[in-house]
Amino acid sequence: MNNSFGEIYRLTSFGESHGPAIGGVIDGVPAGIKIDVDEIQAQLCRRRPGQSAITTQRNEADQVELLSGVMEGTTTGCPIGFIVRNADHHSSDYDEMKRAFRPSHADYTYTEKYGLRDHRGGGRSSARETIARVVGGAVAMQALKQMGIQIFAYTSTVGNLNLAIPYDKIDPALIDTNPVRCPSARVAEAMERLITQVKNDGDTIGGIVTCVIKDCPAGLGQPAFDKLQARLASAMMGINAAKAFEYGMGFDGCSRRGSDMIDPFYVDESGKVITSTNHSGGIQGGISNGADIYFRVGFKPVATLLQEVKTIDSDHNEITLKARGRHDPCVVPRAVPVVEAMAAMTILDMILLNRASKI
Amino acid sequence: MNNSFGEIYRLTSFGESHGPAIGGVIDGVPAGIKIDVDEIQAQLCRRRPGQSAITTQRNEADQVELLSGVMEGTTTGCPIGFIVRNADHHSSDYDEMKRAFRPSHADYTYTEKYGLRDHRGGGRSSARETIARVVGGAVAMQALKQMGIQIFAYTSTVGNLNLAIPYDKIDPALIDTNPVRCPSARVAEAMERLITQVKNDGDTIGGIVTCVIKDCPAGLGQPAFDKLQARLASAMMGINAAKAFEYGMGFDGCSRRGSDMIDPFYVDESGKVITSTNHSGGIQGGISNGADIYFRVGFKPVATLLQEVKTIDSDHNEITLKARGRHDPCVVPRAVPVVEAMAAMTILDMILLNRASKI
Amino acid sequence: MNNSFGEIYRLTSFGESHGPAIGGVIDGVPAGIKIDVDEIQAQLCRRRPGQSAITTQRNEADQVELLSGVMEGTTTGCPIGFIVRNADHHSSDYDEMKRAFRPSHADYTYTEKYGLRDHRGGGRSSARETIARVVGGAVAMQALKQMGIQIFAYTSTVGNLNLAIPYDKIDPALIDTNPVRCPSARVAEAMERLITQVKNDGDTIGGIVTCVIKDCPAGLGQPAFDKLQARLASAMMGINAAKAFEYGMGFDGCSRRGSDMIDPFYVDESGKVITSTNHSGGIQGGISNGADIYFRVGFKPVATLLQEVKTIDSDHNEITLKARGRHDPCVVPRAVPVVEAMAAMTILDMILLNRASKI
Amino acid sequence: MNNSFGEIYRLTSFGESHGPAIGGVIDGVPAGIKIDVDEIQAQLCRRRPGQSAITTQRNEADQVELLSGVMEGTTTGCPIGFIVRNADHHSSDYDEMKRAFRPSHADYTYTEKYGLRDHRGGGRSSARETIARVVGGAVAMQALKQMGIQIFAYTSTVGNLNLAIPYDKIDPALIDTNPVRCPSARVAEAMERLITQVKNDGDTIGGIVTCVIKDCPAGLGQPAFDKLQARLASAMMGINAAKAFEYGMGFDGCSRRGSDMIDPFYVDESGKVITSTNHSGGIQGGISNGADIYFRVGFKPVATLLQEVKTIDSDHNEITLKARGRHDPCVVPRAVPVVEAMAAMTILDMILLNRASKI
């Protein structure tokens, strides 16, 4: 589906790093959702560059303008068009890269696919494209909140530094108390030091984002190809720089025995069916079971190094590049709101689809 | 898309474990592919239960019948309908499970989603559903072979036993020389011993399948949401029992620095642009770059234990179950052809979609 | 979407005239619909050739076999796979047509599109493909009946013979009392005489089917591109031999003034909002308003004449053909159940989609 | 697909009559199309209100801004986002209609579907929504021109005034020489007089647009549900006020005999297979045959009368309305560029889809 995401609740995005604007259309928005534009803007500010010393210094207001689909603060059922103007172009930063194939970037592959490419700031392959996702996710999140569903994500690993707290012991209120978005002041501080050091080395570093979905209704997911985990994996692996996805017991559980990994059912005092453990990650047979959904997304160390790298250009000449744009030494903190946004759109879409499950 | 997979080359599958048949429709098959039905059958036999002492003893011929779309051994461009009759029902094995919610199975979630469920042999949630995938993949594979593209998968981990050979040193001819489908006789033997032991314990064990796609053209993948890795992740995470997906450097690379992980470009003697390393896993910016694509899929230890387990039934009574059906102690060997099939369908679909990239 | 129809409730069909079977998969069937297989079979028998002296004498039982998705007479929410075996092949009837391009048939266009074609009995372009539609429609119809919605179609024109009774004065019980499916014994008799005469001339004749949907809920239809009338038009124009579609006032109303054509609203005794006239055909702004939906579909005189026709073959030689297969002199009577089936699938799909309109 | 149109080349539109902007995203645009923005603007000006005495006097510049997907005058393969600001609101014209259900408008049906509606200027149901279609069509048209395909439409009927010239004798250069867009000065003058008279009566009138596609390649169309005529019918019936669609011989041919209606094949001097007549309208078996495609779309007399009409409001009170907004007495002249736009998008989409027909 190219630049669209979702089946009923569907975001279609557009925009390049150095074009006039990033934007999109959110289609399939149910009528009757109360929309707080400030809350959408707040999510964009969480994604925005220039938030702290450890993120890129590109400084953009990233102000969203809603163009349709909302009347007097309520969705009308009509598509929501929106744009965010690009303001802070430093296109000259990229001039020497017009013909360069930067290693581990999209320069070569876009050229192969399309026969040409927009080299300015990475064009469409820039992470600025995630602006549209954050807007789409923020609208979905407001619908989900009205349904009592909570979604949060946080930085759980940077380099070799891991947060040891299990997902169900996290206090989400702590996530945004530090620039790393790790809900432990102590670990966050160590992560921040590591990122600063890497940055000073002109290098970059990868990490992992964990995401938790609480109070999700049972029954979400199409049980064959579009299992809920398949939808979530697709959503996450479509984010720039994502390399890996696991949910529930993940890779680690794949080395284990079934007798260690099954989740016994029981009935709680309120008469609700629940499981005493949650290795299944809230999904069984591709369908949510009502328990917490949790998953982890690995992000690579981005390829834009602030040091000289050797590569070739489109004429196959060997060249030496040194990035001069403003780049993140670690994308993980800014990926947190994008992971949340993609999760929110996925869950809302599955909720709407699920309404057709029974006569 | 519920029970359909793919955008142009699209498999729609149907069938329950104990219904009359499993089958499907492959739509969007380009005209002019030479079809060898024996080769499709051979892939089904690789997926088939009862192949060896370490797989389930359910014994089905799993004979495929093509019903349309092929004339005189060549595809006509019309959809290929096919069925595989279910033969070896032991429905009475499942009678006591009619009302049971087996732990970590789909019993509870199907009931929540649909208000009722087909309890016989797991119904639609049975892994017999993957028969349709194998047929769809076998047809795609024959198209890909005509294009010079090779896809193979193998068991790389069972429990704590890992195959140490890197993906690009594998001899695919060895994969099917042992029942584990691990391309090292020595490691395969250890894995087989482990599976046998687990089976004797009435337990199950998980593992990992690695898949490699060679000679894939550059340019495949839609760069925003439908990045090639997102499509592959969705394809793989839609397979029963899959819990985790990573490609290229994967989770491991996410703890590393960018300077270790970039893949320098160079021009080889034939004038082709290639990279000297392949941490990118053959995909950059969501689009294939012509290098080997490789990824790993983690499969959980299946939940059907041949030992007593406590659970509840749909009336919320506590019950004790002991599975009596015939089940795999480790699904990984039989998942190998399913992984290949899903990869083949994904790649062919992306090739067909990519034809629309340029005017 | 190639061989699929519908967004949520989606039929994917396969099969050629002289292949082993026609069949399909109905996906997105809500769980909990009571299914009467005899009723599906009855609809197939209405579509079946050989019903009377005025339809083709090809004699097929057209027995449907459901392969999945129904348990104990109730849909489970899983896809319904089905097949109808082809039995009565007279392939030799078609041998001389292997290379012929029959005028106004699909022979030439299939060859241009696919580079080859299945010439046996028209292959995929045969009207036998509508078997799958009738099955898909019969399942949808059973769901709609449970919701209190009624759909019926009838022959309103054959050649220059028109049924003068307005759509809202039709007694649906009369439709199947004659082989023409015209709900007036007198007009039906004249139509039957005309078809017989045309047949004796070795010729064919066209006509019009009118379809009525009663007690359809208000709110169906996506108001931009997928207006309810656009969905219905697509459904009908996808039927073999359909040349024209109009709803409500149709072409005739397009020569009129607005003051003659508006439908005044009023509130009836029960407090329901209704219109005193229904030139809108039950749809306003692309969305159903609760009034009767009615539309007309024009079917051409089919191109298979039982007389000598001059044409060319694939080597561009001039040839003379005389059809020897068994063909309908007028497709309209057998198109009636196909029109109903397509309408039923469209309406059910729109009902399911509409569940996502509000939060 | 709600507010999206097309499978590969896909327009997603947004915007209400009195919101900040109308806009959309064109996805699936092949890279390498030369784009002339002035030509897009010229098409918008053809659709624009206030062009002449016989169209609505709402005066909007309707200036398009492209936001992405085009670099140095060439498409990049990335989605084209665009907006057209709404400028000339007279919202107070509509205040009294806030609660009114105007007869034969979308007021009632939107309220039923969404539970609320944007009453300002018809909101999403306004014909301003077609701005997005014209932009999407103008981009497609530039691609088609590069392929040598020509599309034009014209007013062939207003009220009872019909243009007698057959479609293949039309001089497209005459279409825009008069405000009615009828390619005969004499007939256009009569039509203009009729529209003026109707307008002076405070009334409206309907009519028919004929569209012709020349030099379309053979092979376009998916032969089952998505026959080329089904796609065109869907495209046309999705336009505001469209009531009827017919192609080739249309309804008229449905009263005729097959022997009058078949199109004999022959081979012309250049060796090309063509037909000596074209009752098929350039489509056989759902697939284009290379001959001219032509079809007719009927538009109703719009329901906004400049005279008092009785109706009810959302509280079920009887009220009397008199429209004071600026409205077209006949939408047909302004529908001409919209019909062309929808045809262009449909044909380009089918061309791109058709690239996957053969291996």
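To keep things simple, chains are lettered A, B, C and D as they appear, and every chain counts its residues starting from 1.
Quick note on the criterion: a contact is a pair of C-beta atoms (placed from the backbone, for glycine too) under 8 Å apart; a residue touches a chain by one contact, two chains touch by 3 or more.
This is a predicted model, so every value here is computed, not measured.
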Using the contact definition given at the top, which chains are in touch with both chain A and chain B? C, D
Interface copy of A-B among A-D, C-D or B-C, judged by whether over half of the contact pairs recur: C-D
Between chain B and chain C, what is the separation of their C-alpha centroids in Å? 39
Euclidean distance of C-alpha centroids - chain B vs chain D, Å: 46
At least two other chains touched by the same residue of chain C: list those residues. 2-4, 13, 28, 31-32, 77-78, 110, 113-115, 124, 223, 357-358
Going by the contact rule at the top, pick out the chain B residues touching chain A in the complex. 1-5, 7, 13, 101, 103-110, 112-115, 124-125, 129, 157, 159-160, 198, 203-208, 218-227, 229-238, 242-251, 253-267, 271, 273, 275, 279-281, 283-290, 298-305, 307, 309-312, 316, 318, 354, 357-358
Given the complex with chain D, which residues does chain A contribute to the contact? 2-4, 10, 12-16, 19-25, 27-28, 31-32, 65-69, 71, 74, 76-81, 83, 110, 113-118, 123-124
Which chain C residues qualify as touching chain A in the complex? 8-9, 28, 30-33, 75, 77-78, 143, 146, 223, 352-353, 355-359
